[in-house]
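Chains: A, B, C and D, in written order; residue numbering restarts at 1 for each.
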Amino acid sequence: MVVHTMSRTVVLGVIGSDAHVVGITILEQAFAAAGFEVINLGVQTSQEEFADAASEHDAEAVLVSSLYGHAEQDCRGFQETLEAHEVDAVTYIGGNLAVGQDDFERTRETFQALGFDRVFDAETQPEEAIAALKRDLQLTATEQERDRATVTS
Amino acid sequence: MIRDERIPAEELQRIDAALRENWPTGEAVDFDEAVEFHESLPSAKRFADVLESANRPLLQPRAGVPRLEDQIGLLEYLHSEGEADLLPTTIDSYTRDNEYGKAQEGLEAARESGEDTLNGFPAVNHGVDGCRELIEAVDAPIEVRHGTPDARLLAAITFAGGFQSFEGGPISYNIPYTKRHNLATTIEHWQFVDRLAGAYTERGVRINREPFGPLTGTLVPPSIAIAVMVLEGLLAATQGVRSLTLGYGQVGNVVQDVAALRALRSLGEEYLPNEVCVTTVFHEWMGGFPPDEARANGVIGLGGMTAAIARPDKVITKSPQEFQGVPTKEANAAGLRTTRQIIDMALEQDIDIDGIDEEQDLIERETRCLLEAVLEHGDGDVARGTIRAFESGALDVPFAPSDSARGAVLPARDDDGRVRILEFGDLAMSDEVKEIHAARLAQRAETEGRQQSFRMVADDVDAISDGRLIGRPNGGDTRAD
Amino acid sequence: MIRDERIPAEELQRIDAALRENWPTGEAVDFDEAVEFHESLPSAKRFADVLESANRPLLQPRAGVPRLEDQIGLLEYLHSEGEADLLPTTIDSYTRDNEYGKAQEGLEAARESGEDTLNGFPAVNHGVDGCRELIEAVDAPIEVRHGTPDARLLAAITFAGGFQSFEGGPISYNIPYTKRHNLATTIEHWQFVDRLAGAYTERGVRINREPFGPLTGTLVPPSIAIAVMVLEGLLAATQGVRSLTLGYGQVGNVVQDVAALRALRSLGEEYLPNEVCVTTVFHEWMGGFPPDEARANGVIGLGGMTAAIARPDKVITKSPQEFQGVPTKEANAAGLRTTRQIIDMALEQDIDIDGIDEEQDLIERETRCLLEAVLEHGDGDVARGTIRAFESGALDVPFAPSDSARGAVLPARDDDGRVRILEFGDLAMSDEVKEIHAARLAQRAETEGRQQSFRMVADDVDAISDGRLIGRPNGGDTRAD
Amino acid sequence: MVVHTMSRTVVLGVIGSDAHVVGITILEQAFAAAGFEVINLGVQTSQEEFADAASEHDAEAVLVSSLYGHAEQDCRGFQETLEAHEVDAVTYIGGNLAVGQDDFERTRETFQALGFDRVFDAETQPEEAIAALKRDLQLTATEQERDRATVTS
C-alpha cells in the first residue's frame, strides 16, 4: 500500500444558492483536525468556483454540500466543469440532496450517475466522510488520530 | 471611504428620487403627505409609543403572506386569537433580493391560484396604498420584518405606507444573510434607511428601528451580538433615529440569557446618545427545533420563563411547528399564547438567580473589548471601524456565510450550558477573557472525558433539537432504565 | 381506639382472609406464590429500585382504561411515544367506592361495546391474573393510582398481581376525596395496606408507597401538605413500608415550590426511620387549567422548569387537554415530552434562586408546628393524634369536602404569588407564623388597593385558568393597548 | 319598605353526589362577609339534609349548588321536600346545571318550574347572588357594605 505523506488538500463548499453555513463550518474543522489542508469556499458556491479552487490548490478531493433540496439541478454538468479545468480529484456530495428523501438509494444512484464517487445523507457524521476519504486516498490513520476517533465516536 | 456621518438633506432627496425609479410603486411616495397619514393614526398604532410605554413584555410573532386581504386576515387572527401585542409583516425572499419583478410574478400567481406562491408580503409591489390598507385594517402596531441587505426602497414605501417600525441593519441583515454583499455598501444603504426614519422622527413620527439581534441564530456568544447591536444603534442614531429596539436571541442558558439582556440594555443606554429611547427584544430560540410539537413547546416554555425573569420590552415568539418551517396561523397563535401564559404566571414572582451579575459583568467586559477594537480600527469612526474590524477578524460572527466576515470564531457550550468561544480566530478579546473561556470549556471537556474539539460544536448545534441543551457524548443519555 | 402500632401477623391474615370473600377474584391471592412472581420480574420492572437509583427526575403520567388489552396498549404507547419512565394504572370510580359489582357491569359493557364505559382500570375485577398479564406485557414499572378510602382488597389483588407501587394514604385519600368516611376507619384500612406492603418488603419485595401530596389540589399551603405526608409516612413505616415517595403539588411560585420540595425531602428524612428510603414526587399544577391547549402548555412548562430546579425523584405530568378531563393518549404523551424537553434543557444548568432557603425555613417551622400539635393531640401516638388534630382543627386542609376535617383554613396568594393562609381557623400555627402570613397578605392587599377577603381566595382559585398566577382585581390586566 | 334588622340565616350546600367544594366554600365566606348567618352543609348534601337544616335554623334562604351536571334529577321534588318540613324560604340554585349548557334560558325555565326563585349560571359572582337575596328579602345595604362593594367589584 502506498502511503501518501505530503499535505492533502480538500476543497469544500455549499453549491448553488444554498446559504446553510453551519454544516460546512463543522466539516472544515473536522477535516482540518484530521490533518487535511482545507479550502472552504463557503455557501453559494458555483461549479466554476469549485473547479477554479480545486485546480489552483491541486486538490485531491472536492466535497460538495447541499441542504436546500436543489442539489440535482445545481450539480448537472459538475464533472464536465471539473474536467474542463483539468481537475482530477475524488468527488463527494452530501446533505439533503432531494426534497422528498424517501428513497436514499435512488438519490445515491442519481448522484453517482452525475459522477460523484460517494454520496452521503444529512445524518452522516464528519468522521465517516473522513474515514472514507482516507481509504479512497489510501492514507493510513496515525496513532493519534486513531486515539481521537476512539474518544469521539 | 464611508463615514459615520449624517446624510445631508439634499443627498437624502437625491437618493430618494433615484430609488423611486427602481419600481413603479416608488412614484407614490410623498414625504409630507406620508407624515400627515402617520399623524392621522390612532395612538394604539404608534409602534414606538406602545412599545416604550408597556409595563410587561409585549409579544410579537413572525408572519407574512403574499396577498393583502390574506395578510389582513392573518394579522387580525394573530391579534385576536394569538393575543399578540405587536404585529409583524414579514417580507418575501424576492423582495429581500430586490427582485421586484419576480415578486410581482409571484404576487400575480398568488392572486390567480389562491396559493401562497411567495414566502412573505411583497410590500414594494403592494405599494403605499396597499400598505396603508393593511395599517388601517389592523388594530395594532405593525413592524416590517425582512432580511434585506438593500432595504432602501422597501423602507421608503413602507414608511410612506404607515409602518412605524422596521427591522434590520447593515451588519445584522448582511453578515448572517448573504455571501457577497459588500459591508461598506450595506452600511451606506442602511444609512439611508435610518436617515429616512430620522426624517420622519424630526417631523414627530418616531419610526422604531430594530437591529436583528440573533445574527446567525446558532450559538452566537452574547458579547458579539451585543457589540453588533450597539454599532448598528450608533449608526442609526447618527442618522436621527430616536427609538431603537436592540435584539438578542435566546441561547437557552437562563443565567446567561438574563445577563445578556441586562448587558444589552445597560450598554445600549451607555453607548447610545441620551435622546435615543432604547428598548430590548428577546427572540425565543432561533436554532434548530425538535421535530415534535410537544418538545417544541418545551423549548418555547423555557423561552417564556427566561423572558419573565429578564423582562425585555418585547419577545418574538416561536411556534410549535418551527421545525417544519412556516407555521399555520393556529400554531403561530398557539406559540404566542403558550409564551403569554408562562410569562404572566412567572412575571410577578421575584426570581433572582445567583451568578447573573457576574455573567453580566463578563459579557460587558467582552463587549467593551469588541467595541473598543472597532473604534480603534476606525480611528474613532464607527462605520469605518466596523468594516475594518470585520476584515481583520477583530469582530466576527460564528457561522457567518458572508465573505465580509472571517467566520473563524467557533462557539461551544460550557459545562453549565453557557455559550463560550472555543476558537477565537482574531477576535479582539483580552487574554483574560480568553482564559476564562478556555477554563470553562476545559471543565466541560473533563466532565465529558473528551478533548475540546469541533465535535463539541457539532454536538451543541444539534443538542436542543435532540432534546437537551448541551451536546454531551452519546446524547448525554442518563435515562434510568 | 386505634393506635399507631404494627398489625400482628395473625390479625393481618384474618383481615386478608375476610377481604378475599368480598369479591370472587380475591380467592386467587396467594402471598407466597405472589412473592415468587415478584422475584421473577426483571430489574427494570422493580419500581422502588428504578425510582431510587435514577439520576434525573423520572416522568410518570396518569392513565387508566377499563379493558386489559387497551390498558396494555395505552401504557406501551405512553412508554414508547411519551417516553414515560414510570407508568400508572389509574383505577375507576366504582372500584374506588368498593362497588365491584358496578365495576363488573361497566367492564362487561366496555367489552361488549368497545367503549370506555369506566373511567379507569377495574383491577379487582381483572384479578390477579389480569394484573400479571399487564405487568408482564409492559416493559416498565407500573404504579396503582386511585383515590380509594378503603383500598384493602385493591392492594391485596394488585400486590399479588405484580404491582410494586401503590398511591394513597388514610388522610390523603380521605380528606380531599370523600365526605363521610370516618378518619379512624380509614387509618385502620390503610394500616392493613401498609402492613401488606411491609409483608412483601420483609420477603425482599420492596413495595413502594406514595401518599398523595396534592390533597385538594387547590392552593394548599405547603406545610399542610408536608405535614400530611410525614404523618402518612410514619403510619406506613410502622407497618413495615421501606420505600416511601412523599408527594407535593405545584402551587406555581417557583421559589415556594422548590423550597417546599426541599423541605419535604428534609423533613421526610428527619422524621421517618433510617431504614426507610425517602423519595419525592412533584405533581404538575393540579388546580384549574386554562381552557386552551396552548396556554395549558405554558402551565406545563412552568411545572417542568420548577422540576428542573427542584430535582424531585419523580414528576407526575399533566396534559394540554387537562381542562377537558381525560386526555387522549396523544395529548398525554405530549405533556410528557413537553415536560421532558424543558427539564432536560434546564437540568444541567446551575439555577440557584435567592430566597429559597428562607422560604424552606418558614415551611419547615410551620410543618413542625403542625406535627408537634398532632403528636400532642395523640399523647405521642400519630394515629390518635391525627384523628384528634383534624377534629380540633389543629390540622386542617383547605377546601376539604370531608366531614372529618374542619375545612376552616382559607389560603390566598401573597404579592409574590406564594400561597399563604388568610383564615387559620384553629390551625396549630405559632403566633410568629401567623404574623408572617398576615404581613404578606397585607402587602398584597395594599398593592391591590383592596381589603383582605374571600374575594382574593376566589380570584386566586381562578387565576391560572384565567392566564395569571395571582388573582388581581380586574384580572390584573396591564395590557398596553 | 320594611327593613329587617334581625340576623338572617341562609343554608348552603352542594346537592346530590357532587363533591365540588371550592365554590361553596367561597360562597360561605361571601355571605358571611355580607352579614348573613351561614349554615354550610358542604358537598354531597341530600334534599332531606337541606330541609332539616333550613327548618332547624329557621332559614330565610336555601342556596343550592351543583357543578357536575346532574342537578335536574337531584332537585326533582325539592320544593315538596321543603314543604314537608314546613320550610318557607327563598330558594336559589346555581352552577353547571346541565351537561350541555348551550341554552341557559331553557335551563333557567327548567329550574324555575322545579320551584327555584332564582337560577344562576357558573359564571355568577357571589356578589350578584348576595345583591339578589338582599332585594328578595327587602334588606338595604349598610354604608359599610356599599363601600366594600365598590372596592371589590
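Assume contacts are C-beta pairs under 8 Å (C-beta built on N, C-alpha and C of every residue); 3 or more make two chains touch, one makes a residue touch a chain.
Since we're looking at a predicted model, the values are computed, not measured.
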{"item": "Distance from chain C to chain A - Cα centre to Cα centre, in angstrom", "value": "57"}
{"item": "Separation of mean Cα positions, chain D and chain A [Å, integer]", "value": "79"}
{"item": "Distance between chain centroids, defined by C-alpha means - chain C, chain D (Å)", "value": "33"}
{"item": "Touch-based graph of the chains, sorted into line, ring, star, complete or other", "value": "line"}
{"item": "Contacting chain pairs - touch in the sense defined above", "value": "A-B, B-C, C-D"}
{"item": "Chain C-facing residues of chain D, complex", "value": "19, 21-22, 25-26, 29-30, 33, 42-44, 126, 148, 151-152"}
{"item": "In the complex, chain B residues that touch chain A", "value": "177-180, 216, 218, 398-401, 403, 407, 410, 449-451, 453-455, 457-458, 461, 473"}
{"item": "Touching residues on chain B, where the partner in the complex is chain C", "value": "44, 50, 53-56, 58, 85, 140, 252-255, 290, 292-302, 304-305, 320, 333-342, 344-346, 348-355, 415-417, 464, 467-470, 478-481"}
